C-alpha cells in the first residue's frame, strides 16, 4: 500500500508537515501572533486530515509487526550507507517509515491531540512564536516515533522531543516549572542513554545478508532485529535467553517505563504535569506517555521475545502496583492537576497489565486503552485548564458549585471524568474490560488485585466531582463565565470520540486486531 | 685517588650512566616540587631535560643507536634554551603583575 | 415484529433523555409532557409485548444477537432476549417509571433543575430496560453501571446539599465494590466459555465445561456475580448505601430505590440461576436472610418516614434473595413484582405526605422542623384521605395480610424456606423468614399509625396540610389496585394456580448433577406438603405483628419507651443501625485515607527521595569530612544534580590553583599507575 | 639523495607554506602599517594555501625525509581538521575585543599562531620520536606565549606561567621516557621500534616505565585526567580565542600523535587481522592505562564542570571529559574505534568551536564570561541563544545533532568490542554532563533580561561564521556518511 502526495509518501507528510509550519512561523515577524497561531492550527489540521486518509485507506487485514511486506504506506530510502570495509561489513541506516495495526491508532491519536493542543494554546500570549515553533517540533518528534521502523530514526525522533518539552515546560510552565522541566529532562535523558546503548548493542549483534550483493550488512532496521537468523555468531545479544539479552531488555524497559511512567519511575510525571501549561499537559498525558507502551510493543516485545516472556510476570506486577498505587496517590492529592497526573499513572498501569497478558484480548485492550486514555486525560487536563484560566487556581478545595455556574463545562468535564472512572458506554470501559479480560486469563490474582483499582478510581473521581462541581457556589466563584465557543470546539471532538468508541469500539479495534494477534503469536512463539 | 687511577679495570658502563641520569631526574623532580621560587623550579626542569640527555648520549654510546641519540641531545639543548627564554619572559611578566615569583602566591585561577 | 418492539421500548427513553438534555429547557413546561408522554408510550408497548409474549409465545425465548466487536478470533455479541421473566419485568419497570413521571410532575414542580430531572429519569429507564432486555452478562454489566450512574445523578439531584452529594458518592462507590466482584465473575465466565451470552454460558456448563476445570471456581463465579446483586440490591454487607440514598427526591426513591433498580439484583440472580451451584445458592439464601433480619430490626426504631421505608425495602429484597437461594424461584420473582407495586406506592404515598408537610411548613416559615420525621406528623388521615387509604392498602400488602398481592408472594417464599429446611436442614432460614414477617407487620403499622392516626403533634402544621394534586394521587390509586391479589392469581390463598406461576417457571439447573440444588419436582413436592402450615403460620405471625403495633401505638397499652428500655442494647443497636456506617467509616474510609496519605508520603519522600536521596548521603559525608561548603547549591535543586555537584565540588578542591600541587598530583598518579601496571 | 629531499619537500609543502606565512607575517608586521588586520589576512591566506596543498595530498601514502614523517590519509585527515580550526580561530581573533588592546603588536600573535600551526601539523605526520618531540615542543612553546599574550591581565600571565611550568615538566618526563624507549630498542623510528619490540624484549619494566612517562607528556597535551590540571587554569587565563585553539586544535593534533604513536609502536604485528581488532604487545599495558584514564577523565571532567561559573573554565572541564570519550575509541583497540575517534574529533571541532564562538560573541558585547551573567541572553539575542543551545545540546550528545553521532560511534565501537564497563561510565557521565550544559541554556532562557538590557545584535560576518559552525553541527546529526567515509578511508593508512 502506498499513498503519495506530490511524489512524497503520506507518512513523510504527516511527520514533517509541522516542520514546514515551524519554518513558516520562524520566517514570520514576532508580532503576527494570530498568523502564527493559524499556521500552527493549519499544520496540525492537515495532519488530522492526513490521519483521516490513513484511517480510511488502511488495510485492516495486514499483519505488520515483523513482516516488512505487510507494513503499509511504507517508505524506505537508503540514508547512510557505508560500503563494505573488511572489519565490519556494510553499514546501513535507512529512512524507513511504515505503519501497521499497532501504530495506526497512535497516529490518529497524535494528530487529534496535537490539533486540540493548538486550539487550547490559543490564549498563550507569552513568546508566541517560540512557543509554536517548539510545539510543532515536538509534534514532529512524536509522530516520527510512531512511524519510524529504523531504530536509529526512532531514537532521533525520540530524543528530538526532549528539548522542546524541556523548554515548553520550563518557559511557559507554572511556578516550579524549572524543577519540573529539568526533572523531566533528566529522567528521559537517562532512559535515552539506556536505549542508546541497547540500540548499539543490537546494531552490532545484527547483520543480515543482502540478497543482492551477498554482503553482510549491519543495520538499524527494527524488523531485521526481530529475526533470530540475522544475529551474528558471538554477538553480544545473539542467542536466546542469555544474560545480556535480559540486561538489554531491562535497559529498554526502564527507558520505556520512565515514559509510561511505571512505578517506581514515575515521580517526574506529577511535577511535569502540574507545572506544564495546559496544552502541554494535554500533549504529555495524551501522547507522550503512550510512547512508552508503544516502545515496549514495537521494540521490547518482538525483538526480545525470550526476555519478554522471562520478565512478563514482573511487568504485570509493576502494572498492578501502578494501578493501585497511582489510584491511592491520586486520591491523596489536593491539586487537581496532580490528581489527574496520578490517575494517568494508574490508567497506564492498566495498559501495561493488558499488554503483559500476552494474549490478544489483553493486547487489544492495552493498545485501545492507550488511545482512550489519551483522549480522556486530554479532556481532563483541558477541564483543569479552563478553570485555571479563569481563576488561576488548581486546588480542589478552591472550587465548589461550579455545576451551577458553568453547566456546559460541567457536562463536558463530567463525561470525561466518568470515562476515566470506567463507566460503561464510554470508551474507558471498553479498553479496561479487554485489558482485564486478557490479564485475567494470564494472571488471576494480579488481575483481581488490579481490578480493586476501579473502586479506588471511582472514589477519587467522585470525590473530585463533589469538591469541584457540586455543593453551594462560593461567593468568589459566582462570576465565572461558561465555555467560549473556542473552548467548546476543543472539547467536542474528544467527547464525541469518548462516546462513540464507548458504544461501538469496533472501528478502532478492527484497525489493530490482526496486527496484535500476530504480535502475540510472534512473542509467545519465541520470535518465530 | 691513586688507587682509582690504577684500577684500569673500571670502565663506566651503561648502567652507571643510567643511574646518574636517574639521580639527576629525581633531583630535578624534587626541585620542581619543593622549591617555591619559580626560577628554582625552572632549574629543576633543566635538570630533568639534561638527565634525559645523559640517557640519550649514553645509549648512543653503548647501543646500536649510534649518532641518533646525540643528535636528539643537541635538539633538546636547543629546545631547553628556547623554553627557558620563554619561561623567563613569562616570569618577568608575572613578576610585574604579582610583584612576587613565589609560586604559592600565584593562584588566582583555581577550582 | 418481535425484535423491533423491544428495541423501540429500549430506545424511546434514551431518546427522551437526549431530547431533554439538549432541549429540555427550551420546551414549554420544560418538557415534562414530552418525557412523561414517551414513557407512557413505552408502557403501552410493553403491555402489548407482555400480552403477546405470555399469551401466544409463552414457552419460547426470543433472542437476537449482533456482533459488537471482534477481538482476536473471539467475537463479542450484543443482543436482546425476551422470555416471560423479561416481559413481566419490562412492564413492572415501565409502569412504575410512568407513574413516577406522572407523580413527579406534581412533586417536583418548580424545581431548579426540573427538565434535567426528567432527563435523568429517562436515562435511568433506558438503562433499567437494558438490564431487563439483554441476553448477555457483559451488556447487563454495562447497563448495570448505567443505572448506577443515573442513580448517582438522581440521588445527587440536589447537589447543593452536602449530604446529597455524599449519599450519591456512597451509593456509587459501595455499588462499585459489589460490581468489582461481578466484574471478576464475568471475567471468569468469559475466559472459561469465550462468550458473554447466558445461553452460550449455560450450554457450555451443561456440556460439562467448568471454569479452570474446577467446581470450586464455578461456585466462586456464581457468588462473585452475586456480589453485583449484593451491591445493587443492598444486601448485607453492602446495604449501607440505600438508606442514605433517600437524600434524593422521593419519587426517585420510589422508582429506583424501591421498585426497580434495587430489584435488578434479584433479576440478575434469577437470570444466572441455572448456573448457580447448591453451595452458591446456600450462600445467597443466607445473605438474603441476614439482610432481611438486620434491616427489619433497624426499621423498627427509625423515625424518618423514608428511612423506615428504605430499611423495609432492604428487608424485602432480602426476602427475595433468600427465596431465590432456597430455590423458590417463582416466589422470589413474584415478590419482586408485587413488592415493586406496593413499595413504589408506599414511597409515593410518603412523598405525598412529605410534599404536603413541606407545603405546610413553608407556609409557616418553619425551616427547622423535619418534614420527614414521623414524630412531627400524626392525624393526617382526615386531611389526606386518598393518600391514607392507598397507604393502608400498601401496608396491608407488605405485611402479608390475605387478599393482597403481598400475601401471595410472601406466603410462597415462607413455604419455600420451610420446604428447603425439610429437605436440607438449615432451620435458621424459615425461622428468620417468619420473624421478619412479624417484624414487618409491626414496623409498617407503626409507621402507618404514627403518620396518619392519633392526634397531630402540632395543630398548626396539620392545619396547613392538604391532599396532594391529582397527578400525584392517581398513580397512588393505580398502584393500590395493583397491590390486590386478583392481578396475580384468582385464588387469594395460593399463587401457584395463577398465570404468573405458569408463566414464570424455575429454569433447569445446568451445573453438574452433584452440585445441583434439589430438583424442581422434589422441591415442589416439599413445598406442597408444607404450604398450608406456612400459610397459617404466616397469617398468624402477621396478625400478631399488626396487633402488637396497634397495641403499642394506637391503643398505647404498652409503652414504646418501656419496650425500648427493656430491649437495652438491642434497642440501641437498632437505632444506630447496628453501627455499620461507623465501622465502615473506620475500616474503609479512614483506612483508605491512611493508606492514601501513607502512599503519598511514600511517593513524595521515599520514591522521589531515592532520586534526591543520594544527596542526603553525601550531606552526611560532607559534614564528616567538613570539606564541602554548603553554599554551593545552584539553580539545579535536583538531588542527583546536587550529588554530582557535591562530587564536583570535591574534585574542584583538588584544583588548588598551585601549579606545584598539580605536579605533585601528577607524580602521585604516575607512581600509582606505575605500581598498578607492574 | 637530492631527489629524495626534493620529493620530500614537495610533499611537505603545507608545512612549508605555514613557515613562509610565518615569515611574511613578521615582515608585514614590520613594514605594512596602514592596513588593519594585515597579519590576520596573511595568516588566513596562508592557511588556505596550506589547506589547498593538504588537499592535493589526498590519497598519497609516502614516507618523507628518511622516514621522519609520513604523508598519508591519516595525516591528511588531521591536517584538514587543524587547518579548519586554524581558519576559524583566525576569524574569531579578528573580532575579539580582548585582543584589540594589543592591536599594535598583533603581528606577534599571528606569528606565534603560525608557529603553533606548524608544530601541530608536524605532529600529525611525525613517525620518528625525535620529530614527534620537536613538533610537540614547537607547539607547546608557541602556545605558552599565546596563553600569556594578553600580558596586562594578571590571569593571563598566571595561566601562562602555570602552563609553561607544567608543560616543561611534562615534556621533560616524556623526554626521559622517550630516551628509555630509544635505549631499549636502539632506534628512533616508530616502525623500527615496533619491529624491535615484536622481536621480543625482556625489558618490560623499563618499557612500561617509558610508556608511562610518554603518557604523561601526551596526556598533558590532550588534557586527560590525571594530567589535566593545567587546562582549566590556562583556559580561563588565556584569551578566549587561544582557549578555543587549545581546546580544539591542540587536542586534535595531540590525538593524531597519540594514535599514531601507540597504534604503531606497541601493536603486536602478529595479532593484526582483517577483523579489525588488534592486541597490544604482551606485557605492555598502555591500553589499560589509557582506558582507566579515559574513565577518570569522563568522571572528573564532567563532575568538576558542574561547579564552574566561568564559561571558559566550564568548557575546559567539558573538553577534559570529551578527551575521555575520545580516548575510549582508542583503547578498545579496534579499527572501528579509531574511526569513531576521528569522526568524534571532526564533529567535536564544530560544536566546541561553536560554543566558544558564542561565548566570544557574548563576551565581546557584554564582557561577561560568567555563566550567571548569561541570564536572559536567550531573549536578548535569539539567534546566538538558539545557536548556543544547539552547540551545547550537541556537546551533550542529543540527536539530531552531530554530537549524538559522535557519541553514537564511540559508544557503538566500545560496545562491539565488549568494553561494557567503560561504556556504562560513559553513559552515566553523559547524563551528568547534561546538567552543566543545560544550566547555560537555562540561564539564557529561564530568566527575563533586566530592564536596562538591550537586545544584542551581531554584524553579518559574525552571523556567517556562526552559521558556518551551526550548519555542520546540525547537518552531521542527520547526514554523516561523508565524514564516516572520510574517517574510514583515512584509517586505511595502517594497512588493515
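In this document, chain identifiers A, B, C and D correspond to the written order of the chains, with residue numbering beginning at 1 in each.
We take it that contacts are C-beta pairs under 8 Å (C-beta built on N, C-alpha and C of every residue); 3 or more make two chains touch, one makes a residue touch a chain.
Keep in mind the model is a prediction, meaning the values are calculated, not measured.
Relative to chain B, the most remote chain by averaged C-alpha coordinates is C. Two chain pairs, C-D and B-D, are weighed by contacting C-beta pairs, with B-D ahead. Chain D has its Cα centroid 78 Å from the Cα centroid of chain C.
If you average the Cα atoms of chain A and of chain B, the two centres end up 67 Å apart. Chain B and chain D have Cα centroids separated by 29 Å. The centroid of the Cα atoms in chain A and the matching centroid in chain C are 38 Å apart. Across the assembly, chain A contributes 178, 182, 186 as residues in contact with two or more other chains. The multi-chain contact residues of chain C, meaning those touching 2 or more other chains, are 635-636, 641, 652, 655, 657, 659, 663. Residue positions 29, 32, 41, 103, 106-111 of chain B each touch two or more of the other chains. The set of touching chain pairs reads A-C, A-D, B-C, B-D, C-D, using the touch definition from the header. Residues 29, 32-34, 36, 41, 103-104, 106-111 of chain B are the ones touching chain C in the complex.
Within the complex formed with chain B, the residues of chain C that make contact are 652-653, 655-660, 663-664, 667. The touching residues of chain B, when paired with chain D in their complex, are 21, 25, 28-29, 32, 38, 41-42, 44-45, 48-49, 51-53, 55-56, 58-59, 63-65, 68-69, 71-72, 75-76, 79, 82-83, 86-87, 89-91, 93-94, 96-98, 103, 106-111.
Partner chain C is touched in their complex by these residues of chain D: 161-162, 165-166, 169-170, 173, 205, 208-209, 212-213, 216, 226-227, 229-230, 232-233, 285, 288-289, 292, 300, 302-308, 432, 435, 439, 442-443. In the complex of the two chains, the chain C residues touching chain D come out as 632, 634-636, 641, 644-645, 647-652, 654-655, 657, 659, 662-663, 665-666, 669-670, 673-674, 676-678.
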